[in-house]
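The two complexes that follow have chain A in common; it is paired with chain B in the first and with chain C in the second.
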Partner chain A sequence: MATQDKRLPPQPLRSVGRSLLLTLPIAVWSLLMFGHFWQPDRSAQIASVTTAVFMIALFFMMMRTSRTYRWRRWFFVALGLLFPVGFIHQVIAMRGTMGIPIEEMIAGRTPFCYIPIPMLILPAALMKTVVFPGSIRPHGGMSGGGMAAMAGIWLAMTLVIGKGWCSYACFFGGIEEGMASVPPKAKVRKIDPRWRYGPWAVLLVMVLMSLALFEPAYCMWLCPFKAVSEYVAARNTVGTVQNGIFVLLFATLVIALPLLTKKRTQCAFFCPFGAFQSIFNKTSIFDVKIDRSRCTPCVLCQKSCPTLSLTDESIVKGETLMSCMKCGACVDACPKDAAVWHIKGTEVAVKPERARLMFLYAAWAMAIMFGGSIIAEGLQTILHVFI
Partner chain B sequence: MTTRAKLGYTAAGLTVFATLLVPFVLYGAFTKGFAGLGLHVDEMYSGGPKVRTIQAAGYSIDIHRPVSPHMLQHEKPFVQLDWRPVGALPPHVSDLVDVDGDGQPDIRVSFDVPKDPKAPLRVNVEPLNPRYQAMRNVGKPQFSELIVRVDDAILVRVPLAQQ
Partner chain C sequence: MLNSSPMGPTSLFGEAMALGLASGPACVASCGPVLVPSSLAEGAGLRLNVRYLSAFLGMRFLGYLVFAALAWEVGTLLSVAPTARSLVFGTVHILLAGVLLWYAYAAGRICTHACAGSELVTIGPSGKRGVPGAAVLGFLTGVSLCPPFVAAAVRVAELGSLAAALFFFTVFFVGTSVWFVPFVGLGYVRRNEAVTTVARMAMVLVAFYYAYLGLMMLVGRSAYGYPR
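Take a look at the complex of A and B:
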């Protein structure tokens, strides 16, 4: 993205006073959220204050520069890097290993993340059975974060930001976004557009496998992020093979390919949850449009999109594909301000900044509430070493 | 401004308002709603509901309903028995257990109870009824055939003979 920014003409800056005024609601929200998580522990206090200042400062810069992606990326990469720190510390403190022992599965203490949600729907609907070794009670699970809590937060946030979850809440995507931002230029530029169907194919196969095998098939066999969270305890050859797959997928999709392509390859080509979440782009009131009257077309938006959610055809139609996760890369990259934030039902490019602000208030508030608490926990874990 | 645009802005405003409700109202409501759906965790993990308790000398044995695998699930049918509390168990347990409640013992289960809660467990199960399969020095190879310590109980899952 560094090269992209060099290509762009400088944007007029919003005044400091007005930017501060626009940031004020987010500052109040941060105080509310981090006051809620306040603890007597000194490292927790420092972590909370640092995270609150970090999130407020990023929002201020979004207001001041009228850019979204580059500032959101700081948050997202911090989330991706600090989630494993806090999580791994927690599981090792509680059970001494990153491997999930069979005892913990039987006790319903397997931590539950949002990725298997689409795979659990069919068995739950057909047999009233959850094929995951966790707890359904609101305060069950490893640390009070059972399936009900994760399902609750996912439903509530999806209602508000839809597919924006993948840019403002997912605690895994930041790792590959960080990797993608390392090289100045992509080494692999030509990507077969058919790879876009990958997430849908993985979703379909995993949904059917989960129903047939009555197990969370994606968690058992394909999740690359098991490599940085927790894995199936390798009790036998099958367990060893499963862990080998996790590490291989992580090294390929989350490290190597983002470095080569500057794209979020795991999200764009593989993630079944991302495919499922795309459905909520249809229900979300916010989207991104291309103003055809301004578009040249230079396809800088297409090149900047980390998930290949813009094609020649979609640009002609003035739309993004349903996989768009509202990261703002295309809007920031467009030198003609043709890529714009939009509220459904309104005319394209009429007061796009109003649409951007409304979306960002919702998305950033959720980012602070969910991602902010995870960042603070990761920071607290690191601070514990020193304090 | 068209009616569609007005509706769009209203919906966007309501979305921003809903954001304020997420941590205070919506999160809790959706969490309780999900918990209240009446779903249950697959019995291959949970072991199925407890149906009977046998009182022994200072401890009890909970017997669960037999669990059958679904469709292509690669596990055997099994029945789970829980010995609890662990603190009241003798150093070596060897119990005749009437699993099906017909008044006749069905299996003899024997295992050592190490003082170290993290020490590995091994179990022997001698079937006295052909419905149950034997287990020889078994640890925890799979969900349908194991002995594990979970909190204050020692759980033994005895595989059932396939019909």
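Take a look at the complex of A and C:
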């Protein structure tokens, strides 16, 4: 397919009044979540207000410009950068170190992360045991909410927005999205499309290994984000090797490859949770379609997709692959408005803006509740240094 | 023969079957990382999958019998010098890793497109002269040390005769094999480039793990580096 007109047509701006009106529900939700103006801690107060203003402003800009990806990216990168700040501070305050000693794991005093969720299902079904060494009680573990709360939030949101979780809630993906947006052009453009199957292979192996070893194998051996959260408290060479694997995967998949390819390489080629989450794109009522009557095709959507979720074949079919994270990059990039938000069961390109709004209200409400609180905590940690 | 065992054949049968059935989920867990990806790398179809599973389980049974004879002969493998034990099982794990890597390569060589070949993936020379990979993998998982195996081996070591030991392991095998029947369903999974590629990538990852485990065993350490 030949690339044709690459210039984006100027988008008509929505009026300020109408944009404000559309932002109102999100503003109310933000203030409910972060409007703790009476807090005695000044840094917490400032962090909450800043987060609320930040989230409302981004949503307002999404409404005003009708662009999604450009503004969502600010939130997502902030989330990715501020999560380690708040988390590492909390870990060090409680434990004095970023390393988890084995005694802490056995005692279940580990914060629960959503990534091992798919790896817990088989051991739980066959052996009636949750292999993650975290607390299942509310307020148990370092996460506060505990395993049950995290799994509940994840399930509720996942059923609605599907793999949109990976673009509006994941506190890891923002780091590589930030890295991918640094270079103006990709240095590596030819990527073997078969690498797209990587997450499924990692998922398959990790599910089977978690059952065989009776432990969350991914957390023990392959999680790149251990490099910026909590690593293994190494007491022998193997501990050092485990930490070495975490750092190597992080440096390669989260830093180097996104810089070279301008893609979210960890998400696209490695993350087993992302593969699992793809299944829920089938349950979500929202998806992104290509309106064949408008498509030229210039493949700008394909080039802009950070997870290679558009192929020549899928564009011909007028749809994205099931790995689509609903980040909105393709919709923003399309000069003909052929890439559109869509609600399943409705005709393609009939009131796509309404579909976008409905999706964004759900996704942004979750982003505020889940990611916003992480951003506020990270900001508060930084402000504590100065105030 | 069997009557020389302090227990009668019926109670021996009952104990072995109960142990096998109870250990089944653990057996599935132990063999799953090898069985599932290699099975998915084969062609689709119930018949081919039954043949794959038969070859895998048949040779796993042979592995069991070798193990039974050895367990009875040496009293119990647990009493063998740790160095020799680590050497044997470390070598088995490294062999398993090598075969998995070869399998991943061979599956790619055969299943390039629709992956609808009616023959099992073979290890070694291509064509009919190669040994079915399922059989090699089945044998190597059969002689690997897994928790249910140790439980059975300890019991076998207490039996009075080799025949009783073999009988015990045969019934134990049948008990565990019941849990493998659902794997036939993998034959119904549609094979395309995605499934075959995922299966091959998964085999490479599992091979790395077994190679690492084997090396750690050879140096007398557990997976987490503690002395065995």
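Criterion: the second predicted complex is superposed on the first by the 373 of 387 C-alpha atoms of A that agree within 3 Å, B and C clash if a C-alpha of one lies under 4 Å from a C-alpha of the other, contacts with A are read in each partner's own complex, and residues count from 1 in each chain.
Here is the rule we use: a contact is a pair of C-beta atoms (placed from the backbone, for glycine too) under 8 Å apart; a residue touches a chain by one contact, two chains touch by 3 or more.
Remember, predicted model here, so these are calculated numbers, not experimental data.
Participant: In the superposition on chain A, see if there is space for chain B and chain C together, and answer fit or clash.
Facilitator: fit
Participant: Go through the superposed model and pick first if A:Y361 touches only chain B, second if only chain C, both, or neither.
Facilitator: After superposition on chain A, A:Y361 lies in contact with chain B alone.
Participant: When the two structures are overlaid on chain A, which partner does A:A268 contact: first (chain B), second (chain C), both, or neither?
Facilitator: neither
Participant: In the overlaid three-chain picture, which partner chain does A:N236 touch, first (chain B) or second (chain C), both, or neither?
Facilitator: Both chain B and chain C are touched by A:N236.
Participant: In the three-chain superposition, say which chain, chain B or chain C, touches more residues of chain A.
Facilitator: B
Participant: Does chain B (first) or chain C (second) touch A:R194, or do both, or does neither?
Facilitator: second
Participant: Per the contact definition in the header, classify A:L126: touching chain B only (first), chain C only (second), both, or neither.
Facilitator: second
Participant: Could you say whether A:A212 touches chain B, chain C, both of them, or neither, answering first, second, both or neither?
Facilitator: Touch partners of A:A212: chain B and chain C.
Participant: Have a look at where A:V202 lands relative to chain B and chain C in the superposition and call it first, second, both or neither.
Facilitator: Touch partner of A:V202: chain C, not chain B.
Participant: For the overlay on chain A, what angle lies at chain A between chain B and chain C, C-alpha centres, nearest 10°?
Facilitator: Value: 50 degrees, nearest 10.
Participant: After the two structures are laid over each other on chain A, how near do the C-alpha atoms of chain B and chain C get, in Å?
Facilitator: 5 Å.
Participant: In the superposed arrangement, what residues of chain A touch both chain B and chain C?
Facilitator: Touching chain B and chain C on chain A: residues 127, 211-214, 236.
Participant: Which bits of chain B are touching chain A when the two form their complex?
Facilitator: Spelled out, the residues of chain B in touch with chain A are 2, 4-5, 7-9, 11-13, 15-16, 18-20, 22-23, 26-35, 37-42, 44-47, 69-74, 140-141, 143, 146, 148-151, 155.
Participant: Which of the residues in chain A end up touching chain C in this complex?
Facilitator: Listed in rising order, the residues of chain A that touch chain C are 126-127, 194, 197-198, 200-202, 204-205, 208-209, 211-214, 236-239.
Participant: Which positions of chain C touch chain A when the two form their complex?
Facilitator: These residues of chain C touch chain A: 25, 28-30, 32-33, 36-37, 193-194, 197-202, 205-206, 209, 216, 221, 223-226.
Participant: Can you list the chain A residues touching chain B in their complex?
Facilitator: Result: residues 33, 36, 102-103, 105-108, 123-124, 127-138, 147-149, 151-153, 155-157, 159-160, 211-215, 235-236, 285-286, 343-347, 355, 358-359, 361-362, 365-366, 369 of chain A touch chain B.
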